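Dropping the structures in below, format is structure tokens.
Each of the next two complexes has subunit A plus one more chain, namely subunit B in the first and subunit C in the second.
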Partner chain A sequence: MKTRSNREIRRDQIVGVLIFLTIWEITARFLDNKLVLPSVSQIMAAFWDLLISGELILALSESIWLLVVGLFISTVIGFILGALVARSRTAYWMLNPYFSALFATPTIALVPLVLVWFGFGFPGRVIVVVLAAVVPIMFSVASGLRDDPKDLVDVARSFGVKGELALLFRVRVRAALPVLLAGLRLAAGRGVVGMAVAETYLRLGGIGGLIKSYGSLFQTDYVFASILPLSLLGITIVSLIGRLERRFHWS
Partner chain B sequence: MKMLYKPSIWLPLLSLVVVLGGWEVVGRSINPLLFAPPSEVIKQLNVMIASGELAAAAKITMQALFLGYLLAVVVGIPFGIIMGIFDRFGDILQPYLYAIFSTPRVVVVPLIVVWFGIGFEARLFLVFFWAAIAISVNTAQGVRHARPDLVEVARSFQANRMQMARHVLIPGAIPFVLAGLRIGAERAIVGVIIGEMFLQIVGLGGIITQGSSDLLPAKMLCAVVVIASMGTIIVTALDMLERRFQSWKGTV
Partner chain C sequence: MKDAMLDTPAIELRGIRKTFKLSEERNAKTVLALDGIDLSFRKGEFTTIIGPSGCGKTTLLRIIASLETADEGDVLVDGDIVTEPGIRRAMVFQNFGLFPWKTVIDNVMFPLKLRNFPEEEARSKAIKQIKQVGLEKFSDAHPHQLSGGMQQRVGLARALATGADILLMDEPFGAIDAQTRELMQEEMMRICEEEKKTVIFITHDLDEAVMLADRVLLMSRGPGKVRELIDVDLPRPRFEYDVRAHKAFAEVRGHLWHELRNDLIEQSAEGKS
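Moving on to the complex of A and B:
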């Protein structure tokens, strides 16, 4: 099959977006039902309103802060647990089955429990994000550190790197970096979902809370206008990590 | 895999004893309105099985899950093939599917209420749409990434279009389709639970919401355990299928 150049694809996609938006606008005007399908111009107006009033920026910054804290804690916990699982058979059996089960459980099903235990505040929301994001990080760290880069370790030793901890951070982690970043990318995607789940369920602040409150007012144009930046946020974070991943792909 | 991960008999057992024992001890020492030990959860599970509550809820969940997933397979695979063959069409559509796919579904719930209400149709859509996207995007990828070496060989043996499809293109796409089926199933399970927790409070997801508002943590945990095991079984089965056909992918 012939492959088309990136420029051709890009051009087609831009034309596609224009056609898509035009069809949307015409359909929406034809239906003339703001509740079911607001027109593109109405959504833009709502977006502008959210932007001007500062509501959107406040909500987005709250969400991003939640995501950053949650992903940071997930990385720390995931790294420690992953390193343990990679190095010790006991740790593997003590942790892995349960974290696999956690991975298979929809985060949303755990939210009511978290809510009961940790309350409605910021800590509860962070824990939801961590529950969503920690497992991919732990698994990627475990699989990254499991493959022993023997030759690299030997070289490092002969250059005078001493001690397991120094070897871990200076050699093993760097050798495993592509795998770790892949885990982080997966975790970020799940983290965004966790963030949205926590904010929507608890109806507190952030972009999820914004969507929920406009949803319960049945202001569909504002719902669309606030979903859009959330999607963009997720896509941006994931593709940024993906780009980093390709840069460090040195294996 | 190394010896490290080969299960000995006592280690998994010890692990189970330690974790369940720890849970039991912690569970008993905490306010029963907040948490439940495993013994309590098992008791509750027996009660719910005996009363038929669990079976009724599972039936509701399964109906939406299987019908939605079936629709997703029936629609998703042909659509993916079309996207793969007409690559221009696929390229234009890709960004929208990607954007929808990476939008957390809980935030789309207000829109679904407006479009489909809160009943069965809404749950069906939550299951169907996202699973269909996963399946069709992966299928399209599979159709496009036919192995050039095999295509070359088939050409040099003057295979006609049908033979090419039968012996090269379809087998080449199967690993991708299977990956799509697995990802789609994961999405489908989450979708049905979201529908049951946020829209109409029914099914297994509904038991969680109900348990949380009635302050019955044992009931909540029962539903969580059932959902988790259901999800694990379905996804593991599809995962095994996917691995079985992995070698058909070749080195891309």
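Moving on to the complex of A and C:
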């Protein structure tokens, strides 16, 4: 295949979306059942309504706040544990099985435990996001810091960088940054899932709560109108981190 | 008093001894890498170190740079014992040692910023050195965009920009193709002619060892020791004539090869490399 310019890619994407929406609209009008498949125009009307009433902005800001706090805590915990596992074989063999298990367990399965232990308020929701997002960060820190850039550490020392902590951040973490950001991108994707789970299975709130409550009212057009910003949120965060990755990558 | 100052060597090594453990275990066997090295390096003198692999020359250089500590003995810079890397000594690394995420100019500015030079001053010093090695067009390039020879020019510019008067060079041209190496050697001669640096330069290349040096230090292995110190009596500036055609060059080179050859043959007779 020929390589495509950015403009051609953009054109292909727009044409694709238009075809998809046209087929949707035609199918919806043909079915004529708002409960099963609302038409694109009905979804847009519902979206507009949510936007005007302020309901969407409120829910979205609540969700973003939850996601930001959750990802921040995941990064701190993941970094500390990852660094520990990278530098100590003992820590690696002791902790790794638990992290592998946590990575493989669907977050939703842990929700009842979180509910019992931390309640259904904000702390409980943050814990759910952390459970979903912490493992990729920890894995990426562990693998990124394991290949020790020994030559570059020598260079830094010879020119006067002193102390293990300074060497860790100025050389080791910087050298591992592309790997760490890839881990963060993966974590953000899982974090969005964790966020939606927390908002629908603990006390309702945010975008997840919006989807759940309109779902139980069988207002399918409003459900679609709420799913849309959730997807957009996920795409935006992941592509922002992708942009950071390109910024800090060197080859 | 003034004479005494002039006589103080730039670097002095007193009874350097270094052993290495063969593995991480507590009771692991140790090897003696360096055994009782006493040496001094005069100010402005260019010393090349040559010897079979495993003779401890890189370890010796790392000890001089304070990247490693000796088990016994002291390193003195200008008569003072040093235990940490310092601004008077700058190192040039075999694999260039450039930070791949930094541009050429940021790599050169790195040591200056560490020493708290103001941004503007660091930048102008860096630009000056980058110009001197002929890379001004590549200031904003990343190392992976440059050839090996160009990367080592950056490594050299970085060391020179620190203003250090002692250059520690660990086989700096070993990873560079032969023709570029010739150019780099010429450049090295020129730099040493212009600013009198004290240079300690490790090499595997006999020609290079003789061509650049005021003095060649021949080391032997098992354990690493000073085998011989040979003065190179070739007129300077050396970039102005064909050093290899000079009689003294052939003599010193011939002698060095004879000694090294014997050492290598002994080694292979022992059945280890």
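Brief remarks follow.
Convention: the second predicted complex is superposed on the first by the 242 of 251 C-alpha atoms of A that agree within 3 Å, B and C clash if a C-alpha of one lies under 4 Å from a C-alpha of the other, contacts with A are read in each partner's own complex, and residues count from 1 in each chain.
The working rule: a contact is a pair of C-beta atoms (placed from the backbone, for glycine too) under 8 Å apart; a residue touches a chain by one contact, two chains touch by 3 or more.
Fair warning: this is a prediction, and the values are worked out from it, not measured in the lab.
In the superposed model, more residues of subunit A are touched by B than by the other of subunit B and subunit C.
After overlaying the two complexes on the shared chain, residue contacts for A:Thr200 are found with subunit B alone; subunit C is out of touch. In the superposition on chain A, contact is made by A:Gly189 with subunit B only, not with subunit C. When both complexes are overlaid on chain A, the residue A:Val161 reaches subunit C alone and has no touch with subunit B. Comparing which residues of subunit A touch subunit B with which touch subunit C, the overlap is empty. Of all the residues in subunit C, the ones that touch subunit A in their complex are 65, 67, 84-87, 89-91, 93, 95, 97, 99-101, 110-111, 114-115, 142, 144, 162. Residues 151-152, 154-155, 157-162, 171, 174-175, 177, 248, 250-251 of subunit A are the ones touching subunit C in the complex.
The part of subunit A that touches subunit B in the complex is made up of residues 1, 4, 9, 12-13, 15-17, 20, 35-36, 89-90, 92-94, 97-98, 100-101, 104-106, 108-110, 112-113, 115-117, 146, 189, 192-193, 195-197, 200-201, 207-208, 211-212, 214-216, 218, 220, 223-224, 227, 230-231, 234-235, 238.
Residues of subunit B touching subunit A in their complex: 2, 4-5, 7, 11-12, 14-15, 18-19, 34-35, 87-88, 91-96, 98-99, 102-111, 113-115, 144, 146, 189-190, 193-194, 197, 205, 208-209, 211-212, 215, 217, 220-221, 223-224, 227-228, 231-232, 235.
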